[in-house]
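The following pair of complexes shares a single chain, chain A, combined with chain B in the former and chain C in the latter.
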Partner chain A sequence: MVAASPLLSVGNLTVDYPSRTGLIRAVDGVSFSISAGSVLGVVGESGSGKSSVGFALMGLTDASKAVLGGTITFEGRDMLTLSRSAWRQLRGDRIAMVFQDAMATLNPVMRIGDQIGEVFRWHRPEMSRRAIRAACLELLERVGIKDAGRRIDSYPHQLSGGMRQRVVIAAAIALKPSLLIADEPTTALDVTVQAQILELMQTLCREQGTALILVSHDLDVVSDVCRDVVVMKDGVVVEAGPVDDVLMNPQHAYTQILLKARPGFGSGHMNTGAPHG
Partner chain B sequence: MLKLLVSRFFYACVIILGVVLVVSSLVKLVPGDPVDVIAAGNPGMSVADMDRLRERMGLTRSIPEQFASYLGHAVQGDMGTSIRQGVPVTKLIAERLPATAELAFWALVLAFIFAIPLGIATALKRGSWLDYTGTFIAVLGVSTPGFLLAVLMILWFSIELRWLPASGYRGSALLAVGKAVVEGKFSVFWNAFRYFILPAISLAFVLIAVNARVIRSAMLEVLQQDFITFATAKGVPRLRIVLRHALRNALLPVVTLAGLQMGALLSGTVVIETVFAWPGIGRLAVDSIHVRDYPIIQAVVLVSAVLFIVLNLTVDILYRFIDPRVRDD
Partner chain C sequence: MTDIATIPIGTQGTEPAAKQERSFLSSLGRSAKGLTGLFLIMLVVACALFARQIVPYDHAQQVIEWRYAPTAWQAGGSTRNLLGGDNMGRDIFSRTIMGAQISVQVALIVVSIALVIGSVLGALAGYFGGWIDTLIMRAVDFQLAFPFLLLALIFMAVLGPGFATLVMALSFALWINFARIVRSETMRIRKLDYVDAAITMGVSQLRIIATHVLPNVLPAVLVMATLDIALVIISEASLSFLGLGVQPPTASWGVMIAEGRDFLYDQPWIVIAPGIAVLISSVGINLFGDFLRDYFDPRLERM
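On to the complex of A and B.
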């Protein structure tokens, strides 16, 4: 891919949710881009519109009847003009998503092997059942699930939280998408497991050249993983740029407050210039 | 699994014991006994004759004594002899139960054939004209008495159009299914089944209304779950998501409902059985109450209780197959 044309570029994106009193603007003119294989962090508090951006990129705002505006260009295609079936073909294949709560993300009455296998079944119809099962086994091993041959027939409730998130990641990366969107992927996990899952996502994305958009409220996570960061507040991008620049030298008052709110950084060197209060 | 069965069997025995106790006490509390009824039909009977009859029927013994003797016989499969007909009660019930059970079966099948698509459609199209039509049907279904619907249908389909029989029962349609499939004799099935249609619809109408509502709300809840979003994010087609991911989860609470409805249908279709002259257990019970035929009344209640318990147990066992979370508990 030519360096000049990014994998994904978002221009002046708006997301409006209908309500009784009219449309509510959750995302208001957000622009950013991400090149192939890179990692971008989208940071903000809850309600900042960061998750709405993630859902808009997946074309998952249909259910809430949200109205999208602006442009989303992915692999040279204008996503907002795609038909339903074109979206369906992209989702899970070229763009994939990992969600916050893996327990809720997995269907409780379906074996995890079947849930991963669905990705192959609907995007690679030529694959036989046996080939799909073999591919699922391989994926489970790749995401670090021990005893995959037994686990493949487990139900979600039989796995630990970390293992469930690994299963979700396995399904997401199954077809080597060029973009993976992770919406607070570690928030619901124990601290010790968080690091493992982040590490796993980074490694897998690097291995298969998948670009990663990490949506998080957690600046530490983002600064560990991402090269670039977009800081959102009230549906607007308040700051964007390389992680080091933004976190070391925050220009916007909101970024400074976010930084200050981090545990363990109350009087650190990073928040010089932050307003006292 | 075995542990569950054993403990459930124990509970079932306790419940049945309680049911028998309550029913036999209630029957005794009602003024008048079978001898009074017999005497009313035979003006020549003297008071001495009546007392002798009471003695012979065991009605002079104390209630605990009668209870113990009844239980002792019942566990051996002897539920007594009908006072009026002089026939073993077990035989009477065995004659009547299949007709009721099969009517209940067809009513429930009918209820779900209509309720499942209706529930799914109204959930998917929430707030549309379809949803409002569904609500209308539900209100209509819940508020229309079965006997009224039954009479209206008889007037229209039997008397006016002459399409379906107005009443009666011509043997099992389920057993005729085999014949129809194997020997290609569809007419054999139809000749039995057409008697089921009107009573089954009369029973099913309210169930369609209730079940469609329950399925609708269960679907709405499930469709909001994250795993539905995840399935969409995987690129799974919408129809497949609705049927495989959503419906499977939404039907879990409905299984319990179906068990309870089957129980209710098995024991209490008195009105519809009366309207359609259906030789079922409900009519047997009512007829027996009129003539104070104690053994039959007790047996009908006992059989209903046992059926309820068996159905509940079946639902519990079924849950272990359809919900893996229950299986591991």
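On to the complex of A and C.
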């Protein structure tokens, strides 16, 4: 990893949502950076602005007419000054996102093969239908879906929750993006499937050299998966640094509260269950 | 790297097998509703297509002895005039069959025009909101405030009565139904995660509307379209009844009901025959529409 300059750096990012009484600041001066191929966790309670950061990176704040401030530099380009179409070129191709609820993320009336294929149709218009189908099949196999040849023509409701999330991941990694943002990707899944999905995402990211931003409220997950972590509260970063330092030895009062709030999280457990990486 | 490759990803032994996918035809074969609807529609469409071959007489042919001729099963009736003769001595059976032509044409053309225009405008209004929404929905409001018959009268006054004017007036009246239903569905759908997901994939807005929004609106639109086809058949009858639609001696169900109204006691079948025809078409269309809705919505269990 010859990352002289980071893959993505966010500087003093602000996100303001319009409301009847004026702008509401959801993210207030957040800065962090991530180097190519690494894994960053963003943790915080509900309403801490962690999801807004992810949305801002994906341009999903357009619809709510949110106002973005600060800088988002991705692969050396300032995204906030990019034209809409240039930004759209990046989305799906260089940056991709995995959402919390895979059932809602998949269009119920499109076959899953078509939904994964959409990324190719849009960003690789030169690919033929057959090539796209072959690529989708390969992706389904890579994300561990058995019997991919049959599943490719299934509708989302015919798959289980874990398989749906695998499909969503397949679509997200289809073009080998350099950055994957996962917003609570395992929250809607049960614990055993959760572990499989996390492992899958880690494996795929490592294989492709994709950097991963994991937005989560689950400290266990973050401490297992991430190298660095950013702790957010009320739209502000309260603490940031390597996972071991931040979660083992929290400096900020809020991080300490967050750690205490976790059920069955003792210091002993943390010592033995340090990140396997 | 090797140990990464051997990590077993994907142990989904407990995950349920996919439900068996059924083709359109085999689901149709299992649906009594769909088959009945299709049969009735085919009956009406066949009458419309082969009207010239089916009818024993020309729809405008007048024979003085046929005036108020009884139906074939009534006393004094004969198979010469299956459904009897009308006040002008024309064969009611022939006129009813010919009327199918007009009704089917008007219904299909009007609903197609209204569906396309209404759905596109409704989707744009619902998806983009803002001034686009305001513009389109105020046009809808304006039109809702306008009585339909007055609107039809204006069309007739400006363009003169006739088939084309009838189609235009009805399409103009109906597109708002589609615009409103598509708009509200679009507003719901555009907030769903899969639209956000498509945005994160870099899909353009118009393509999102075309591939993610409209297909999900389809069930609602189909139900609307079936209701509207029945409505158009009845509206065509109303307008023709008022003399604003198809002109006599062309046989349309509306014209027949309008003319037969005065002769109910002499020969009720002038009205009953086209009435039954309207009934058969609307029931057929509604049954088939119901079946289509069930079929196109994959979330519903296929029966």
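Couple of notes before you dig in:
Please note the rule applied: the second predicted complex is superposed on the first by the 263 of 277 C-alpha atoms of A that agree within 3 Å, B and C clash if a C-alpha of one lies under 4 Å from a C-alpha of the other, contacts with A are read in each partner's own complex, and residues count from 1 in each chain.
In this text, a contact is a pair of C-beta atoms (placed from the backbone, for glycine too) under 8 Å apart; a residue touches a chain by one contact, two chains touch by 3 or more.
Everything quoted here is computed from the prediction, not taken from an experiment.
With chain A as the common reference for superposition, the partners chain B and chain C occupy clashing space. Once chain A of one complex is fitted onto chain A of the other, the partner contacts of A:10 are absent, as it touches neither chain B nor chain C. After overlaying the two complexes on the shared chain, residue contacts for A:214 are found with neither chain B nor chain C. Considering which of chain B and chain C touches more of chain A, the answer is C.
In the overlay built on the shared chain, the residue A:168 is in contact with chain B and with chain C. Shared-chain residue A:258: touches no atom of chain B or chain C. By the touch criterion defined above, A:107 reaches both chain B and chain C.
Of the two partner chains placed around the shared chain by superposition, chain C is the only one that A:153 touches, whereas chain B remains out of contact. Once both structures are placed on chain A, chain A residues 58, 60, 63, 88-93, 96-97, 99, 101, 104-110, 118-119, 122-123, 155, 157-158, 168, 171 are touched by chain B and, in the other complex, by chain C. Interface residues of chain B, counted against chain A in their complex, comprise 223, 225-227, 229-237, 240, 244-245, 248-249, 252, 322-325, 328. By the touch rule above, chain C contacts chain A in their complex via residues 4, 7, 9-12, 15-16, 18-19, 21, 190, 192-194, 196-204, 207, 211-212, 215-216, 218, 296-299.
Across the complex, chain A meets chain C through its residues 58-60, 62-63, 88-93, 95-97, 99-101, 104-110, 118-119, 122-123, 143-146, 150-151, 153-155, 157-160, 162-163, 166, 168, 171, 196, 199-200, 203, 206-207.
For chain A in complex with chain B, the touching residues are 58, 60, 63, 88-93, 96-97, 99, 101, 104-110, 118-119, 122-123, 155, 157-158, 168, 171-172.
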